[in-house]
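Note that the chains take the letters A, B, C, D, E, F and G in the order they are written out, and that residue 1 is the start of every chain.
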Amino acid sequence: MLKPLGDRVVLKAENEEQTVGGIVLAANAKDKPTTATVIAVGPGKVLDNGQVAAMNVKEGDKVLFDKYAGNEVEYNGDKYLVVRESELIAIVD
Amino acid sequence: MLKPLGDRVVLKAENEEQTVGGIVLAANAKDKPTTATVIAVGPGKVLDNGQVAAMNVKEGDKVLFDKYAGNEVEYNGDKYLVVRESELIAIVD
Amino acid sequence: MLKPLGDRVVLKAENEEQTVGGIVLAANAKDKPTTATVIAVGPGKVLDNGQVAAMNVKEGDKVLFDKYAGNEVEYNGDKYLVVRESELIAIVD
Amino acid sequence: MLKPLGDRVVLKAENEEQTVGGIVLAANAKDKPTTATVIAVGPGKVLDNGQVAAMNVKEGDKVLFDKYAGNEVEYNGDKYLVVRESELIAIVD
Amino acid sequence: MLKPLGDRVVLKAENEEQTVGGIVLAANAKDKPTTATVIAVGPGKVLDNGQVAAMNVKEGDKVLFDKYAGNEVEYNGDKYLVVRESELIAIVD
Amino acid sequence: MLKPLGDRVVLKAENEEQTVGGIVLAANAKDKPTTATVIAVGPGKVLDNGQVAAMNVKEGDKVLFDKYAGNEVEYNGDKYLVVRESELIAIVD
Amino acid sequence: MLKPLGDRVVLKAENEEQTVGGIVLAANAKDKPTTATVIAVGPGKVLDNGQVAAMNVKEGDKVLFDKYAGNEVEYNGDKYLVVRESELIAIVD
């Protein structure tokens, strides 16, 4: 199991050619975001005053993210992305 | 439905060639802003002390924004823009 | 009506070739500031502790600003500039 | 014995060609992270208010990290990496 | 009258070829500072906690400043410079 | 005697070709750290709240540091390095 | 008299070819620091919370500084350097 650190989130990325939950990416968009499902969520970012900021996404959320963000890893034969929560754009509800 | 994260805002952009609410963009402006309607508003930016700063725009507001800002997405056949609130310039009232 | 967001200010720029309130811009100045009248004032910048810093200019003030600053917009046939208060240099009293 | 300073962590890096704990690195990943075992952990980063932020990894943890991060050292014939905790991506549990 | 905003200061610059108050600028200095008299002083910089930092110069002070700093303006036939207080190097007493 | 200011530390650098305390530097390391003995320690860095952060190294500590860091000085015929504590990587115990 | 502003310090630089207080600068040093005597000391840097951080050097201190730092001025026929305290490396006691 992957337990992301800080404000990182483990994502199972969807095929960016497909339509997911009604979202189709604009073909000519300069910065094409992609959709993914949240698999695991870190504890949150440590603020300057020592507090940990609560995360705003949870396991199972469908999210839009900037496809240039994060690190790609492979685990038990599946590919995952680890991104910072600040690189997530929106939850697709 | 798109639920933007942090201080992000979902916009339905107007055609920048048109006049909207009395605003016509200057043709020779170096950084041409465009107008849009706010569709959805994130919870707000987390400050260094852990507080969440209230958002200053709400659904239905007409806003001016920098057209180079944000990520373009398509949802149920419509194009949207997701920008940070700090990239909004003014509310057109 | 334009309601600027954050610490932004809507200005009605004066013709930079003219003399306004006694100010004539130096012809050979590297960064020529220009004069304008304040038309509308945003609520102020949100500080790191969640407070909103009061604005130091008000409607009707004549101000000097860096002419490379801000976004130019046209509203009901008039051109305006939207700049951040920190880009204003001085009030001409 | 190596006692890392601040929020630094001493790692014993695994051979990045091998499979470790089920993780296989994607061959075509732009920024390939690698796996390692945590050997020693610094006291933590000093925050702006003087507090020391607790570390989130401990000796023996298997971690993913960005392979371009940190300083390589050799100690008693073994190679180690010293990286900042913020450069660790996830704990592999 | 020019009322500078924030931590800005209005200066009446001296001829940098002259000797003023005993100061002669080094001819081969890489960053030649120049001398000026303080004409007007802004209210001060707003700190992150909302406080306004008191200004350390007052009208009439002779000051050294970096000659590349600030904006040059002309007012009632005289040239002035508007610089930030942090760009002033020293008071010449 | 050299009394470093702020969070600076005076180091007596070891010959980076030698083995010191069991540490041998990897010959092919991109950023080769070197070992040194701490000779003098500054009072510590002033934090944003006015507190001084305690130093984590003391005279006599053997430390690893980035060899590109700091300023080289000669004192009574010996060469020293003055580096910031944040440029020290680990204590070799 | 020169009264430096903020955390600035007025220095009377020594001839960098000479030996001063036992310090001889390494001839092949990449960033050669030089020695000087402190002539005047500013009130200190204003911190984010409005406090003024006390200065750590006083008139008469012999100090090491980075020779590329600061502004050179001439006063009553003598050359001085005005640098920020953070550009001072160590006190030579």
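In this section, a contact is a pair of C-beta atoms (placed from the backbone, for glycine too) under 8 Å apart; a residue touches a chain by one contact, two chains touch by 3 or more.
Heads up on the chains, UniProt names are A, B, C, D, E, F, G = Co-chaperonin GroES.
Because the structure is a prediction, the values reported are computed rather than measured.
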> Expressed in steps between touching chains, what is the minimal separation of subunit B (Co-chaperonin GroES) and subunit C (Co-chaperonin GroES)?
Replying inline: 1
> Centre to centre, by mean C-alpha position, how many angstrom separate subunit D (Co-chaperonin GroES) and subunit E (Co-chaperonin GroES)?
Replying inline: 50
> Using mean CA coordinates as chain centres, what's the subunit A (Co-chaperonin GroES)-subunit F (Co-chaperonin GroES) distance in Å?
Replying inline: 40
>> Give me the residue numbers in subunit A (Co-chaperonin GroES) that touch at least two other chains, ranges are fine.
In response: 48-49
> So what shape is it, when you link every pair of chains that touch: line, ring, star, complete or other?
Replying inline: ring
> Ring chains in order, subunit F (Co-chaperonin GroES) leading off, subunit G (Co-chaperonin GroES) next?
Replying inline: F, G, E, C, B, A, D
> Inside the complex, what are the residues of subunit B (Co-chaperonin GroES) that reach subunit A (Co-chaperonin GroES)?
Replying inline: 1-6, 8, 10, 43, 46, 48-50, 71-76, 79, 82
> What residues on subunit A (Co-chaperonin GroES) touch subunit B (Co-chaperonin GroES), complex-wise?
Replying inline: 22-26, 29-33, 47-49, 51, 53, 56-57, 63-64, 66, 85-86, 88-93
